[in-house]
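Naming follows writing order (A, B, C, D and E), and every chain is counted from residue 1.
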Amino acid sequence: MTNSLQKPSQKSGMRPGSLVHVGRVPKSGGRLTVLDYSPEQLEQAEFESIDDILKYRDRDTITWVMVEGLTNIALIESIGRNFGIHDLVLEDILNTHQRAKFEEYDDHLFIVLKCLLPGDDRYSLNYEQVSLLVLKKFVFVFKENVDALFEPLRQRIVSSRGRFRSLGSDYLTYAILDTIIDRNFVALDALDETVTELEDSLLVLEPTREALYRIQRLKKLIIGMRRHVSPVRELMAAMLRSESDLIEQRTHIYLRDVSDHVTRVIESIELNRDTLTGLLDIYLSSINNKMNQIMKVLTVFASIFIPLTFIAGIYGMNFEHMPELHWKWAYPLLWAVFIMLPVALLIFFRKKKWL
Amino acid sequence: MTNSLQKPSQKSGMRPGSLVHVGRVPKSGGRLTVLDYSPEQLEQAEFESIDDILKYRDRDTITWVMVEGLTNIALIESIGRNFGIHDLVLEDILNTHQRAKFEEYDDHLFIVLKCLLPGDDRYSLNYEQVSLLVLKKFVFVFKENVDALFEPLRQRIVSSRGRFRSLGSDYLTYAILDTIIDRNFVALDALDETVTELEDSLLVLEPTREALYRIQRLKKLIIGMRRHVSPVRELMAAMLRSESDLIEQRTHIYLRDVSDHVTRVIESIELNRDTLTGLLDIYLSSINNKMNQIMKVLTVFASIFIPLTFIAGIYGMNFEHMPELHWKWAYPLLWAVFIMLPVALLIFFRKKKWL
Amino acid sequence: MTNSLQKPSQKSGMRPGSLVHVGRVPKSGGRLTVLDYSPEQLEQAEFESIDDILKYRDRDTITWVMVEGLTNIALIESIGRNFGIHDLVLEDILNTHQRAKFEEYDDHLFIVLKCLLPGDDRYSLNYEQVSLLVLKKFVFVFKENVDALFEPLRQRIVSSRGRFRSLGSDYLTYAILDTIIDRNFVALDALDETVTELEDSLLVLEPTREALYRIQRLKKLIIGMRRHVSPVRELMAAMLRSESDLIEQRTHIYLRDVSDHVTRVIESIELNRDTLTGLLDIYLSSINNKMNQIMKVLTVFASIFIPLTFIAGIYGMNFEHMPELHWKWAYPLLWAVFIMLPVALLIFFRKKKWL
Amino acid sequence: MTNSLQKPSQKSGMRPGSLVHVGRVPKSGGRLTVLDYSPEQLEQAEFESIDDILKYRDRDTITWVMVEGLTNIALIESIGRNFGIHDLVLEDILNTHQRAKFEEYDDHLFIVLKCLLPGDDRYSLNYEQVSLLVLKKFVFVFKENVDALFEPLRQRIVSSRGRFRSLGSDYLTYAILDTIIDRNFVALDALDETVTELEDSLLVLEPTREALYRIQRLKKLIIGMRRHVSPVRELMAAMLRSESDLIEQRTHIYLRDVSDHVTRVIESIELNRDTLTGLLDIYLSSINNKMNQIMKVLTVFASIFIPLTFIAGIYGMNFEHMPELHWKWAYPLLWAVFIMLPVALLIFFRKKKWL
Amino acid sequence: MTNSLQKPSQKSGMRPGSLVHVGRVPKSGGRLTVLDYSPEQLEQAEFESIDDILKYRDRDTITWVMVEGLTNIALIESIGRNFGIHDLVLEDILNTHQRAKFEEYDDHLFIVLKCLLPGDDRYSLNYEQVSLLVLKKFVFVFKENVDALFEPLRQRIVSSRGRFRSLGSDYLTYAILDTIIDRNFVALDALDETVTELEDSLLVLEPTREALYRIQRLKKLIIGMRRHVSPVRELMAAMLRSESDLIEQRTHIYLRDVSDHVTRVIESIELNRDTLTGLLDIYLSSINNKMNQIMKVLTVFASIFIPLTFIAGIYGMNFEHMPELHWKWAYPLLWAVFIMLPVALLIFFRKKKWL
């Protein structure tokens, strides 16, 4: 995750606008699917090349083109050429180390943000970059992986009767953004559970280095999430401020709703950050408490037996004139001392609150 | 509390604007009450369905409709249909994980915020979401629970002679907001007491893990309060900035008063946060002080008895030629040493300020 | 101090604008004094009721009315009625938990802020709320206590020849604010001294829980001061921004001067806060240093005597075949070891910088 | 690095605008190279004096003049005289302690920023100041060192067919800035690796002072980077805000791209800063853990052997009447105690979780 | 330094605008010097009273009047009267506890800021307040001490041929400000050296209370510097924003240069602050490291000798039936154990990484 940010160094020294895929190698070969709809009709297809898509330009329908896997650079280049997209935008689509942003051009909008994917274990997350090109009648979505992220949305459009299909590309854009943002809540649920478990274990069990390590990893995870989510707030604000006629007035209320969700996600992230800082305090004071306990054990043993050993030492001395040695009840009496003294000391310590 | 924020994940993947109640299951079955008043007359009633309310639309009176318990989705849907409320607003009313906000529409205002309820114990708080729809002659209030929160306000309207009843729906809105905000002061009183008690106990008693746990819980409680109260400041600012003709100029002074209260609540929360941070410092240094004391006990015992034991050990040796062993006063003399040496050491330590 | 903030909870549930005194019970019965002046004449008087004041309305003089003690609610109500003051303003005057603020009305200004009073000991401060109502020819001052706070100012007006008396109510307002703000410098002098003494004692004496407790109290005191002074900055800025014709242009330079003083007070508070944070660091490291010293004592004693005791133990064994026991010089030789070994160990420890 | 900032004190007391090179002595003697291009032609040359450059003024080509090594003050003075550059700008070029900034003049732009160079070891970085003077047809670049920093860019221009060469001096400026900013990614890659290694070693190995020292150095390195990079963000914002006709509209998209890169660099720096703060926490808790372990060893040994020694001491006493001494199985039985007691204690400690 | 801020309390209760010198008593008796110049001529003189200066008002030259030592209140009053300066400005000049600020009047500008002077030792700094009154043809400078601060500047004007002397009072103002600001770089050089030395000593030597004390003093010094320098940034911004015709457009570039210097000073101060925070971390972890080492010494001695003492104790017992006591090689064999056991333990500890 951290690593991915520096990889842009691979491109250092290259011509700006040179189209190379910078990022992880996608898991599968790529897919090009189209969903074309109007209130009256709906068409789904999977294509190989851009030429199959061009025909939709003449129709008065909304066309959702989804490019999954970013290896087919020729395809993306040809989309750029056919729909008049700036080279730097295409470069941003291919370089999967982008910060979320919104850019407004004369006849299209460019949106790029990260979608959360479940990580390899509970202490990590993966991110997938999703880019959107929004035209009057077209929405292009570029994703790193081939997966079923937008499957529920597709289903909804297919089964929608009228309403969704009668709205423009801006409403489809909203629906896509909403789908991506809402993924965060699932991750936050899981994170919250992990943090709470860790907190409980810290309050009960021994503080181990392992726990510290976990706190550190969670902190990184949260910092990573914040880094990806917080520019989305600006993105949404920029969209709401935008005066592009690609975003209709009636869509604003939906975008504001997404914006509210983003704010709540960010707040929840901040809350978890505060909790983690608290965990570190608990961890550190647990170590100190542990030390206190160890010291108490040592002190009890030492304080009780060292005086006793001294007394035993006295009567182990070999002086000629030690009258006690000849008394008949001396030895049993000393045993009484050996038993009474520790008890007295313990009571004394307790009273003085030393132990 | 923390938990409640993530629950929105339940809705992930659903159609935006789909009306489902997201949140805690309300405690009772729901209630629909109406208070309709003008300077001359006043009418109170409890209804079952929205149809009974529609008649008030034709009158020139202020109608306060209160929906308690959010299970009756049909009712809320029908309010939306009859009064021209946007689907997303209705969704926000039903989803009780909202951040406080103010939204302005052509012919109505939408306000949502949290009301504080006493928690299960002294270290927790509950929150109830209250949504307001303000129309020219109507104020709808949607609450999660059926309780007596607004009972004093209702009483005041009933017993008011003229003044209150001659003012518009904006003044009623103010009175409702004021009631909700002032609940915070009670909670802050209790919190203040809890914090002070904890502080006193930390300065006197032993530092226990329990205390740390309590500090953590209070910190979370305070963070939670701040999270719910701080957007209310923006809410009030937005209301004061608003140019909607639903808020008359003469109501501004009242809203500013509420706004002042919110600022004082936030300041008080910040103050408590600072105090808690101080508590953690006290806690940590208490642990260290404790350790110092334990170490002192150990050191006193060890430093005094170890040398004595050594001396006793000397005369326990079995050498043939140890002249002291045969002296008559050797043993009593050694006893003198056994008594003098610790005294001398203690005085020496004191002087050197080692102990 | 902290406590006073929550007391507003007493009012929770009451009608807004209901006039009840919320705050400490004033120490004495209240006083109503008037100082009426113009360049030519000056009149001082102490009255019982508002009716005696109304006559000054017809004169072309500046009238300074001072209400000390806020128990006479009828008096304040009657001022409100006679001079057209809004109910909420009167409520703010009576509720002594206000944040400093400046409010502008059509024909009067309302200013409320806190004045510092010496506390019960060096670690506390008291605050008195002072409210000002500024009209064209009148300045009303409402104070919690009957005291001599404004005595020097009164004296100055009485003895002023022309200049002061020829200026308007805005200049009188400035003079009152200046008097209040300058009280802070005295408190800061005392605070500075207390902090410095505490710092010196921490660097020399033992770290005690008492010291920690003092640091905490000073921190609270400083936070309290900041909480009361920092809104005064906004208050002054609002006054300077104000376009009310009650504040003449030539008074602005004086208000700016007060504003500068406020800024310096706030900076000085911040400085003391930083110093206190530093004190906590000193305190914590003092505890650690202390522990180091105790450990050193223990380690020296244990490291020296434990080996010696072992040696003595060897020759206390009862083996038949221990040739050393029969040597004539064995015992004196061992004494030499008992003396040399500790010396050698101490030198060794020193060299290794272990102790 | 830190040092370099204070060196300006050398100039204290001198006339403003006096041209003296303040900074490190450059490594080599300096170089003056020119790259003059238009779509049709391209000319490269290395010159000795400014006079050779003046001829390019009459041509309609873009001329990139690069001055490496800032010792030839006469040369820079003469550039200033011939191209109408303000004395203070020339002073800024020569004083290599500048903060990154953008200044707009009537007929030229002045840009100064730092370029990252690899440091002497993994814990340091060097910086080279690069100043740009952008005129309509000229771009002057002033560098501290003679090196191959812009070699790839030069190659690209030489091999460019048409496109690059047909764009103006603003596009060249963009290409230069892009080259400088992208250097940061390489440094961040290395930094990231160093931090990760340090973190891994802290979690496995002993905490040494060396590690603390490294954390401190990395912190300084990161603070240094941030100090140099964060004003670049303002620089880019100022360039984008600028209304100078030296920056064409179509270049804005490229500048925005650089600006995005700067934002990502700053974010990555912040991320590393957070990680380092975490490292310090790990370091400190490692020390405490270490101490815990040492204490455990001590406590185990002391708690087990001190009681045993006491028991042995008892039967070393010389009382006449100690019946146990004469029992036949007393000694073997005691051996049983000597073996059983430690085992019992260890089990007891484990159970109580004391050790 | 801290102290000086509170001294304004001396003035508490006095008439605003009353001219009393508040601050340190100046070291010498005061001096009034004049430097009057135009491109053609130059005149230097030292006067006793203001009357000698009035004659310059009629000339078309720039007159630099410098008042050193603020004891001659009559002089300052008479300047105020003769040049139409507001009483509050004169008060600000005399009260040397001002925050840096810029004030704009109809026909003059008022600037006040602090100049750094070397402190009594390396851990302190002194500040001298310098006030400037800028008129069309006059610049008044008021300083606390009589010293040679502006001697280099005076020399430059005297020896300037044309250029400096042909510029107005605003350029002189710039030159004075530049001189004052550049003093900071010298102080920062020294500070940087002190901090670096302290850091080096902390990483090598023992952590002493003395070091902590030094860190605290340096922190205060840096806080003090920041407090004096940071309002200078606002001062410069206000000057650049000012539309007074006393500041000509061509002077702006020079003021911007000073502003850049101030920014660099502030950045350098922040950097040192961060380093000092790091020093505290090093200090605290040094104490902990020290404790670890002491504990190790204790643990090694105790862990090795306590078991040996026990073994010796066993054979000091007086049981009748102890067969080992009669074996011939028992004693030498035990010696072997006494030597082998410690070695084995040490190897074991090392392997377990306990020590």
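We adopt the following convention: a residue touches a chain if its C-beta (ideal position, glycine included) is under 8 Å from a C-beta of that chain, and two chains touch if they have at least 3 such contacts.
Here the structure is a predicted model, which means the values were calculated and not measured.
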Each chain counted as touching chain D and chain E at once: none
Number of steps on the shortest touching-chain route linking chain A and chain D: 1
Fitted rotation between chain B and its twin chain D in degrees, CA, nearest 5: 145
Chain C and chain E: spacing of chain centres that average the CA atoms, whole Å: 26
With centres defined as the mean C-alpha position, give me the chain A-chain E separation in Å. 43
Among the residues of chain A, which ones contact at least 2 other chains? 284, 288, 291, 295, 298, 302, 306, 309, 313, 316-318, 322
Under a traversal of the ring that begins at chain A and continues to chain B, how are the chains ordered? A, B, C, E, D
Can you list the chain B residues touching chain A in their complex? 2-3, 5-9, 11-13, 15-16, 86, 88, 92, 97-99, 101, 103, 206, 209, 212-213, 216, 219-220, 223, 227, 280, 283-284, 287-288, 290-291, 293-295, 297-298, 301-302, 305-306, 308-309, 312-313, 315-318, 322, 324-328, 330-331, 334, 338
Where on chain B is chain C touching in the complex? 152, 156, 174-175, 178-179, 182-183, 185-186, 188-189, 192, 196, 199, 203, 253-254, 256-257, 260-261, 263-264, 267-268, 271, 274-275, 278, 281-282, 284-286, 288-289, 291-292, 295-296, 298-299, 302-303, 306-307, 309-310, 313-314, 316-322, 349, 353-355
